[in-house]
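Scrolling down, you'll hit the structures one after another.
The two complexes that follow have chain A in common; it is paired with chain B in the first and with chain C in the second.
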Partner chain A sequence: MRLLTIIVMDGAVFAAVLYLLSVGLTLVFGVLRILNVSHGGLYAVGAYMATSLALRVVGAGANPYLTYAMLLVGPLVVGLVAGPLIERLFLRRIYAADMHIQLLLTFAIFLVLEDLIKLLWGTAPLFASEPYMLLGQFEVGGITYSWYQVCLIAFAVLFGGVLAWAVRATRIGKIVVAVITDREVSQAVGINVDRIFTVAFTLGALCAALGGALIAPTIAVVPGFALDATVLAFAVIAIGGMGSLEGAALGSLIVGLLRSVAVHTVPEVDLVAIYLAMIMVLIVRPEGLFGQLEVRRI
Partner chain B sequence: MRHPQTLRVAWGVGLIGIVVAVLALAPHLGAAPPSGAPAELKLGFVDFLSGPAATFGTPGKNTAEWLVEKWNREGGIRGVKVKLVVVDESGGPDKQVTEFRRLALDEKVHAVVGYTSSANCLAVAPVAEELRVLTVIHVCGTRRLTEERQLKYVFRTSNTQTADSVMAARYILAMKPDVKTIAGANEDYAWGRDSWDDFKAAMLRLKPDVKVVAELWTKIQAGEYSAEISRLLAAQPDVVHSSFWGGGLITFVKQAAPRGLFKTRLVYLSTGEQVLQDVRKEMPDGVIVAPRATPGYFLHPDPATNRLQKEYVEGMKSRYGRYPDYPAYRTYNALAGLRAAYERAIDQGGGKWPTTEEVIKAFVGLTWEGPLGKLTMREDHQAIHGAIIGLTKFNPQFGFATMERIRELKPEEIMPPVGMKSPDWIATLK
Partner chain C sequence: MGGRRFAPAVGAALLVAAPLVIPDWMRFILALALAKFPAVLGVALFLRGGMVSFGHAMFYAVGAYAVGFSARWLGLRDVAALLPLGVVLGAAAAALVGLVMARYREVFFAMLNLAFSMMLYGALLKLYWVTGGTDGLAAGVPTFFGWAPPREFLRLVLYYATLATTGLAVWVVYRFLASPLGYFLRARGDNEIRIEYSGESVQRVIYVTYVLSGALGGAAGVLAAFVVGHIVPEYAFWVQSGEFVFIALLGGFESVPGPLVGAIAFEFIRAYASKYFPNEWQMVLGVIMLAIILFRPGGLWAIWEALRGRLGPRAGEVQHA
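Right, the complex of A and B next:
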C-alpha cells in the first residue's frame, strides 16, 4: 500500500509536468494542423523569463511571495508577444505547404529561440528556488514531498478543467472546435479562420511558456533543457491522440504512472517503458486513444 | 663641468636601465623562433558551447582563451604564437567526427585539444589516429579510451572515471567504516554506467558485506528526478553514489535537498565541485563532493602559496566573474601539457621545430606543472595525477559551499598501473 501511494504520487507529479507541456502542443496541432517543434523553445523562454523576473524580485529584496506572481507574468509576456509574432510572420506562410516544410520551419524557430536564450541569458545555469522552498514539505508513506509539487498537480488539473470548459461552453471555444472539426466549412459559414489560428497559436504559446515557468523553480534552467521534454511531449500526444485535450491529459497520466512504476520496480526499463507504451497504443489505435481518424476529402 | 665620478655613476645607472629595459621587453620581443617553425601554431579546441553541457564547456573555452592570450603576450611557444580554432562539441559523435576531419583537412590545425563527452572522445580517437593528428583529450572520463586501444596520436591529460569511483570508495569507507547499504542514481550511458560499476565493484571489494539496495538509471540531463528521489528515500541506503553533472546535477540537488535526501546519509557527487558556485546556498553541508579525481580546486592548493594557482584563479575570476572549476583546470593542464611536450621536443631536436611524431615522443614520460601540481604522461598515453575529495560546508566569504575535511589521494591509490584494465585492478584493491 505504501509503495502504491508513493508510485501514484510520483506518477502524478510527473504527469502534471508533462500535461502542462503537452496541452499547448496538442491544441496547436488540433487547430492549425502543424506539428509545432518550436513549442519546446517557447517552453524554455517561458522558464527563463519567469526565473529571471523571480530573481529580480528576490534580488530587490521584495516579498519572496511575489515570485509566484512572476511565474505568471513571465509566461504571459512571452506568450502574448511571441505567439502572434511567430504565427503572423512565419506560420501563416506555410499552412498549405508540405508537412516537411512545416517541421523544418518550426524546428528552425526552435533553434533561433535557443540561440536567443544564450544571447539574452548566457550559458550559466539560472535558478530561483524561492517558489519551490517557500511552501515547505510534507510526508506521505514516510517519503518527504514538497508542497510545490502538489500545487503543480492541482494547477494542472485546474488548468485542464478551465481549458475543457472554455472549449465546450464558451463561444470562442465552440468556434475553435468548429475549426478543428472542419476548416473549410467553418470558413464557409463566416468564421474568421485566420484570426482563430492566431488566437489558438497564441494560446498554445502561452501554455508552453506557462509550463516552462511553473517547472522552472524545480530545475536548473540551462540552454537546451527543453529538447528532451519536448520529445516526451510528442510521445504523450501520440498516445493520447493528436489534437485532443483529453488525450493530452490521459497520455500524461499514462506516461507519468508508467515511469513511476518502472523506477520503483524495474529501474532498468525506465526509459524504454514510455516508448513501449507508445508503440503498443499506436499498433492498436494508430490515431491515439482520443484521436479521430481524418476523413479523406477530395 | 661635471665631476668624472658623477659621470661614471650616471653612465652606470643608464647602462643598468638599458639592461633592465631589454630584459623587461625580451619576452614581448621574443627570441627568434626555432628553425622550421610555422608562422603560428594552430590548435583546434573542442568543447560544449551549446546545450545543457555548455555549463561545462564554457569554463573550458574561457580557460583556453585566457591561457593562449597570456602565452601570446609573453611571446608564444618559443616565439611561435598560438591560434585557437574553437569548435562546439554538441551535436553527437557523428558530427564531431565530421568536425574533426574539417579541423584536420580544411583548417590544417597542428593539434586538437578538447572533448568532454565520453561518447565523443571514443568516436574521434580512431579518426585522429587515421589522420595522424596529435589530439589531447582534456576532460572525457571513460576508461575505455586508453584501456581498450593502442593510441599513438591521442593522449589524455586527466585521470579516468575509475579514479573518481575508487577515490570515493576509499573516502567513504574511511569516514564510515560500518557502511552496510549503497545505492546509485546515474545517467544511462557509458559515463554513468562505468562510474557506478567501478564504484560498486570497489566498495564490494573493500567491504564485501555491503549490499546494493537500488540502482537507478536516468536519461542524460533528465530534469525530473522526483520518482528517483522517492525510490532512494524508500530504499534508505547508507550511501548514495551519483555521477550526474552540469544542469542535471543542479536540478537533482535542488529537488533532493528539500526532500531530505542529504540529511541522514552520505551522498557522493563525483562532479559536485563543478556546481558549487551555481547551487550556492542550496548545497547542503556534509555532502561528499569532488572535482572528479583532480588534484585540487580553486582554494587548494592555497593561491597565496602557489604562483601559477594565484595567477590563474585571479585571472579567471576578474575576467569571467567565476572561479575556475575542474573542467577549467583540466583544460589548463591539457594545454600546458601540450606546450611542455612541444618545448621538450624542441630541446631534444637541438632547437629546431619538431614534427608531430617528435612531439609525441617528447610527450611520453613527460612531467609538467599545472596550477594544482605535477602531472605525468605514461607510455599508454594516459596521464596520472593525484586527487582531492571532501565534504561541503557553506562558506559565507564566497556565498557558496567550499570543501572541508579534504583528503588527498596519490595517483597509485586511484589509478590502475599501465597495462592493467580497471575492473581487473579493482578486483585486487586493498
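Right, the complex of A and C next:
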C-alpha cells in the first residue's frame, strides 16, 4: 500500500510535468506538421529564465513570494520572444520541404539553444528552490510530500482543462482545430493559416518554457538537463497520438506512471520500459492512441 | 571519363598520404571522421530514399560495445576479428529491428528508430554491472591479425585499417546503389506505389537497405571504439543519431563522397570550434547547419560541384554518383 501511494504520487508529478512539456509539442505537430526537436531546448531556456529571474528576486531581498510570479513571467518572455522569432525566421521557410530537412532544422535550433543557455547563464548549476520550500511539506502514511508537487499536478490539470475548453469554445481554438484537421480547406474558407502557424508555434513554445519553469524549483538547472526531456516528449506524443491534445494527456499519464512503477520496482529498466511502450504503441497503432490515420496520397 | 576517374584517385591518394605529414592530433580527428563515415553512409542511403532515421546510433553502439565486451570478457582485441564481428552483429540487429521498421515511413520511421535506439541507450546506461554504465568500457589496445604494432606506429596502423575499411564500405555502397535495389530505393522518395506496380516490393527494398545500413553502422562503431579507445552509452544516444544525419546533410547525401567530405569537415569544425569556443561549439555547428539548410540544401558537395561547374564546365557529362 505504501509503495502504491509512492508510485501513484511520483507518477502523477512526473505526468504533470510531462504533460506541460508535451502538449506544446503535439500542438505544434498538429498545426505545423513539424516534429519540433528544439522543443526540449525551449523547455530548458524556460527553466533557466525563470530560475535566474527568481534568483534576482531573492537576491534583491524582495518578497520571496514574488518568485512565483517569476515562474510565470520567465516562460512568458521566452515564449513570446522565441516563438514568433523561430517560426518567422526559420520554420516559415521549410514548410514545403522534406521531413528530414524539417527535423534537421529544428535539431540545429536545439543545438543553438543549448549553447545559448551556456552563453547567457554559464555552466554552473542554478538553484532557486524558494518556490518549492515556501509551500512546505505534508505527510501521508509516513511519506513526506511537498505542497509544491501537489500544486504542480493541480496546475497541469487546470492548464489542460483550460486548453480543452479553449479549443472547443473559443473562436481561435476552433480555428486551430480546423487547421489541424485540414490545412487547405481552412485556407479556402478564409482562415489566415500563416497567422495560425505563428500563434500555434508561440503557444507551443510557451508551453515548453512553462513546463521547464515549473520543474526548475525542484531540480538543479544544469546545461544538458533537457536532453532527455526532448525524447521523452516524443515518446509521450507518439503514444498518445501526434497532434492530439487528449493524447498528450493520456500519453503523459502512461509514461509518468510507467516510469514511476519502474523506478520503484525495477529501477534498471525505467528508460527501457518507456521506450518499449512507445514501440508497442507504434507497432500496434502507429497513429497513437488518440491519433487519426492520414489517408495515403497517391 | 578521365576526369571522373581522376578525382577519386586524388582524394584517395590524399587520404593515404595525409597521416604521414599532418600532426598527431589532426591524424586522430581524421581517423575519427573516417571511422564514423560508414555509419553516415548508412543514414545517407535512407535520406536518398526520402526517409530519415533518428536512431541509427543503435548499430554504431552495437559495434562499439562488441569491441568493449570482447576486450572485457574474451580478451579479444584484434581488429581483423572484431570488424567482421561488428558488421555481423550490426546487420543481425538491423535484420531483427528491420522486420518492424520496413513497414513504416515518414515520421513513424524516424520515431520508431528513435525509440529502439533510446531503449538500447537506457539498457546500456542502467545495466552497469554488464556495460559499465556511464563509466563505459575500455576498448583495449588493438592488434591486427595477431600482430601488435609498436606503440609509436599503433595510431598510424589503426588509421590505415580505418581507411581501408572505409574504402571497402564506399565500394559496397556504390555496388548497392548501382543495383536494381539501389535504383528502387531512390525511386521510393518519388513514388512508392509505382515501385509496387513495377513488381518490386518496397518493404523488401527498405529491409535490405536497413540491414546494409546496420552493417555499416556496426563497422563504424568498431572503428570508432578503437580510435577513441573508450565506449560509453552516448554512442546510442539520440544526439549521436542526429549527428549522423547532420553530417550526411553537411556533406550532401546525394553522392557517396559527400558524406565523407561532411564527416571530415564536421570533425574539424568540432575540433576547432571546441578549441576556440569551448562552450559554444554546438552553436557553431547549429548555425552552420541552419545556413546549409536554408541556403545550400545540397551540402558542401553541391557547393563544390557548383564551383567546379563554374570553373570548367564539362559538356555532356552526367553528374550522378
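Here, the second predicted complex is superposed on the first by the 295 of 298 C-alpha atoms of A that agree within 3 Å, B and C clash if a C-alpha of one lies under 4 Å from a C-alpha of the other, contacts with A are read in each partner's own complex, and residues count from 1 in each chain.
The criterion applied here is as follows: contacts are C-beta pairs under 8 Å (C-beta built on N, C-alpha and C of every residue); 3 or more make two chains touch, one makes a residue touch a chain.
Source: prediction; values computed, not measured.
Steric overlap between chain B and chain C is present once the structures are superposed on chain A. Of the two partner chains placed around the shared chain by superposition, neither chain B nor chain C is touched by A:G161. Residue contacts after overlaying the shared chain place A:G59 against neither chain B nor chain C. In the superposed model, A:M9 makes contact with chain B only, not with chain C. In the superposed model, A:A238 makes contact with chain C only, not with chain B. Of the two partner chains, both chain B and chain C are touched by A:K118. In the superposed model, A:E268 makes contact with both chain B and chain C. By the document's definition of touching, of the two partners only chain C reaches A:D98; chain B does not. According to the touch criterion, the shared surface of chain A, contacted by chain B in one complex and chain C in the other, consists of residues 114-115, 118, 123, 227, 267-268, 270-271. Interface residues of chain A facing chain B in the complex, by the touch rule stated above, are 3, 6, 9-11, 13-14, 17, 114-115, 118, 123-125, 127, 129, 132-133, 137, 141-146, 149, 218-225, 227-229, 259-260, 263-264, 267-268, 270-271. Taken in their complex, chain C has these residues touching chain A: 47, 50-52, 54, 100, 104, 106-108, 110-112, 114-116, 118-119, 121-123, 125-127, 193, 237-239, 242, 245-246, 249, 279-283, 285-287, 289-290, 293-294, 297. Residue ranges of chain A in contact with chain C, taken from their complex: 35, 37, 90, 93-94, 97-101, 103-105, 107-112, 114-116, 118-119, 123, 227, 230-231, 234-235, 238, 242, 267-272, 274-276, 278-279, 282-283, 286, 298. Contact residues on chain B toward chain A in their complex (touch as defined above): 49-55, 58, 90, 188, 214-224, 226-228, 230-231, 233-234, 246-248, 250-251, 254-255, 258-260, 275, 278, 282, 322.
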